[in-house]
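We just call them A, B and C in the order they show up, numbering each chain from 1.
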Amino acid sequence: MIFYPLLSAVGQSLYSAESRLDENGFVVDREVFVGLENYAEIFVGAQSERFYNALANTTFFTVVSVALETVIGVAFALMMNRAFRGRAFLRAAVLVPWAIPTAVSGLLWRWMFQADGIVNALSGSQVLWTAEGMAAQAAVIIAEVWKTSPFIGLLVLAGLQIIPEEVYEAAKLDGASAWKQFWAITLPLVKPALMVAVLFRLLDALRMFDLPFVLVGPRKESVETLSILAWDSANQLQYGAASAFSIVLLLYVSVIVYMFVRLLGADIFQSDATRPQSSRRRRAVSPAPRPAAHHQEETR
Amino acid sequence: MRQRRPNRFATLSALAIGVLTMTACGGPSDSTAASAPEELSGRGPITYVSSPDSSGAAQETIEAWNAAHPEEPVEWIELPLDADQQRQQMIQNAQIESDAYTVLNLDVVWTSEFAANRWVEPLPVEELPLDGMIDATVEAATYADQQFAVPYYTDGALLYGRSDLLEAAGVQMPTTWEAMEQACAAVLELPEAEGMSCYAGQFDKNEGLTVNFSEAAASAGGALYDADGQPSVDTPETLDALNFLVDGFESGMIPQEAVTFQEEQGRQAFQDGDLVFLRNWPYIYNPLSAQDGSSQVAGKFTVAPIPGQDGPGVSTLGGRNLAISSSAENKATALDFITFFVSQEQERARLELSSRAPVYSALFEDQEIVSALPYLPTLLQSVESAQPRPKAVQYGAATAAIQDAVYAAITGKQTPEESLAGLQIQLEELAN
Amino acid sequence: MSTVTQEVPAPPGRAPQISKAPHVRAGRRAQPARTLHGAAGVAAVVLIGVYCLAPFYWMLVSSLRRSGDIFDTTLLPSVFSVESYVKVFSGSSDFAHALVNSLIVAATTTALALVFAIFAAYAISRLNFRFKNVILAVIIATSMFPGISVVVPLLRLFSDIGWINTYQAMIVPSLSFAIPLAVYILTTFMKQLPFDLEEAAMMDGATKWQAFRKILLPLAAPGIFTTAILTFIQSWNEFIIALSMVNDPAVQTATVAISKFTGASEFQAPYGEQMAAGVIVTIPLVIMILIFQRRIVEGLTSGATK
């Protein structure tokens, strides 16, 4: 189920799908073995300009939208984790963007960003969001961040809910400010949940397809992503090239994920069976003053 | 995921990609080219695979068939509204050689691709009700001198104009681009036309852009592909055509936001009274005439053939064809069903519910039908003079290249000369 | 769960000794003491509410317009109309039935993914065995491949084994996307939970299974629940596989049914119906999640204190 599609894509990527026609106009030799030619096309050949542009767009969208989602998602989670009137409403409200089917929300945003749509009507501007350029990129990022911040928010909220109250009480006794509490206690303790959330958002964002496709359209230079490129090749029956794009995308995603795990020390590939039980016990007994340090020690 | 852009449709812009075309294979020396199709055999249940039809007209035809042929029932497999997704599903079915799909409802521009890949069967011409069908539509269903499909419905361009304002300004519906510009100048002087723009078509990077550009090229006396099927976009005529669009955007004759217009955005702008003229398909006639207050132009507009450089312009041909999947079973039943489905009797019956244009010219002149669909005589003019169809095996790649080039020009990224020169090279690569 | 303010020594387990253990307080939840007051709180709620709901409001308003003035930009429909809702349910694709199918597919996927992921996450976070990292790497790799490239091979496979037009043809591929997410989230959560409680319980004679069920599971409830929401919505939204593997309207899911909505012509997108369907799909989903959230979490927590 997992490797079969992968292997078939690798195999496919070594074939060209030129529609060679016989003298009567019918397709012959649909599949010709071309080795790595499809990859050469991508990196240095005729496709390279489009490819590097799509790579840059994909990276730009991923970095900007995941960064914004993280900030907004964490803010959501902190709010939802507090007791106040209207919390139930807030939790429901936050779920809404994530719960709307992707196909419908893409259309919704396209429509709102139309030349005579509500966004322009409310802001009194005449921005052509669905054409090309910065406005189109901004539209994609706005819609993407709106849709997926709840994903991070929900995961971080779940992470917050398992933080023991004592660590805060101790910090309060120490007179730590709310800001300091957040940086020194909350963030380190919620980091594993946050890292998983960001990791999966990275995986998704790097494969971003629907939103730019529906909102702005295919083959628009300023919003073309690697997935759209792969789709476009497949749509023109260039299955070899499409598979090669998919494989390159897969490798790129792997590299990013690997770097993310290495650089940020996300607690993901970490085996923790050997972690020192004693330190955990110490923390439980004397929770404060620096649980952050403990936590890092454990996860390192 | 993707479900947008309900508007991928036919373009018939003399696109002939690849070696193909009639000239390549029509010679008598070609022994295998026009060989008679093998007999289609097998009887029993079949499926009809198509985009949805909200009018219910096609459903009635199928029910009529099923009532008469209980042993050979037809089941409708409905595909998504989005044409890309329809094509994708049909190609997937062909690739795994499944017998799930029998009769395919193909966009006219897919027909060559499906035929060249032998995903659909050649059909016996003598058994098809082709007599009385508009020539251009029948021609659009052939490939390599063989009939691979049968026309189901057709479509062509119309110029919509604000009759009330034209009358107030004392001008006629234009037949040339220049006359359209002059008519606009006169209309826009009127106080009631304040804030309006002159003209729009479909200029978003989409199939609609290919349609609009190839219409402009043909209307300027050029063609995107010459009679031998070779790309011919780097010519004075196509440059005139592209300049008509580029200058239109520059001078403000075409409003800036039209660069985001597909069919519906243009319809909306016209319906809201923002445009004097609009190039669009016949489908907007009914919504524009709506009396429920949604249209501000009900009773205030008229239709004409699209204008050209020196006289009436040339439309592209849209519409759909029916074909039989090569990997299907019960092909004899399928052939009978198609023959029944596109018969003049059934085409006429469907007009009761649906406003999709029939493929028999007689129906365009039937008084009873015309009184319900008053644009039909104008549409017949448009469709009959439409360009010969494309035989585009790599249609997707060609239309993409055309859209890229034209979009770059109308958004000012490239000069018209640059973009046409680049397009010529790209299309030549695709053709060879 | 939000009201566990008292000094209840949270999940004490069976053995009385456990509740005396000093570290048991670590299990208590954090939220209640940290409340939000005054204007700042109200402002924050309003801000978040508007941010999340404004586009949804537009969807709702648009779904209540007539098809003729669907493009209006007034904040309320000029004429209220339920035309779009009527069309959604009277269309040729049976939308109510499609909703049930979506529910079957998404619920089954979620349940299977959760069961698998809970045990996998338990094994990864609590047990020591070789190749753990390899397994984790493989699991995540499966969720990296662009979905669109797997359709044709899968279609061929399912045609061969006669799975076309079956629920499993949608559930099995969905699982391969849902399981990695579920395993990762749950592993993270279980790793964070103190091992001590289970250890203590086991020292008191509880089996590993009991420690797992009575101690770990209730503590991991927020994580499990979040995972359930996320995987449910993910498979609820799946489109391309559901479209390709099913051509029988009796088995098609809601997203596929939405794609078959149609306007008066092929150029007219049925915006009104699409927006109405969006509303119809979203509101029950949110309500259901909120109810389940309360029920499940309460149930698990109270089960633990019995």
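In this section, contacts are C-beta pairs under 8 Å (C-beta built on N, C-alpha and C of every residue); 3 or more make two chains touch, one makes a residue touch a chain.
If you're wondering where the values come from, they're calculated on a predicted model, not measured in any experiment.
Taking the mean of each chain's C-alpha atoms, the chain closest to the overall C-alpha centroid is A. Greatest Cα centroid separation from chain A: this falls to B.
Centre-to-centre, using mean CA coordinates, chain A is 17 Å away from chain C. Separating the centre of chain B from that of chain C, both taken as means of CA atoms, is a distance of 43 Å.
Centre-to-centre separation between chain A and chain B, using Cα means, comes to 39 Å. Residues of chain C in contact with at least two other chains: 71, 239, 258-259, 269, 274. Shared interface positions of chain A, i.e. residues touching 2 or more other chains, are given as 102-103, 107, 114, 116, 209. Contacts with at least two other chains are made by residues 1-5, 268 of chain B.
Those residues of chain C that touch chain B in the complex are listed here as 66-69, 71, 78-79, 91-93, 151-152, 155-156, 159, 164, 239-240, 243-244, 247, 249, 256, 258-270, 274.
Those residues of chain C whose C-beta lies close enough to touch chain A in the complex are 1-2, 22-23, 25-37, 41, 44-45, 48-49, 51-53, 55-56, 58-59, 62, 71, 73, 125, 127-128, 132-133, 136-138, 140-150, 153-154, 157, 172-173, 176, 181, 184-185, 188-189, 191-196, 199, 219, 222-223, 225-226, 229-230, 233, 236-237, 239, 254-255, 258-259, 269, 271, 274-275, 277-278, 281-282, 285-287, 289-290, 293. Here chain B touches chain A in the complex through residues 1-5, 18-21, 24-25, 30, 32-33, 84, 88, 91, 113, 115-118, 143-144, 204-206, 256-257, 259-261, 265, 268-269, 272, 391, 393-394, 396-397, 400, 403-404, 411, going by the rule given at the top. Here chain A touches chain B in the complex through residues 19, 21, 23-27, 30, 102-103, 106-107, 110, 114-116, 126, 128, 130-132, 209-210, 213-214, 217-220, 232, 235-237, going by the rule given at the top.
Per the touch definition, chain B reaches chain C in the complex via residues 1-7, 9, 51-56, 59, 77-83, 85, 89, 92, 95-96, 98, 100, 262-264, 268, 281, 283-284, 286-287, 290, 292-295, 355-356.
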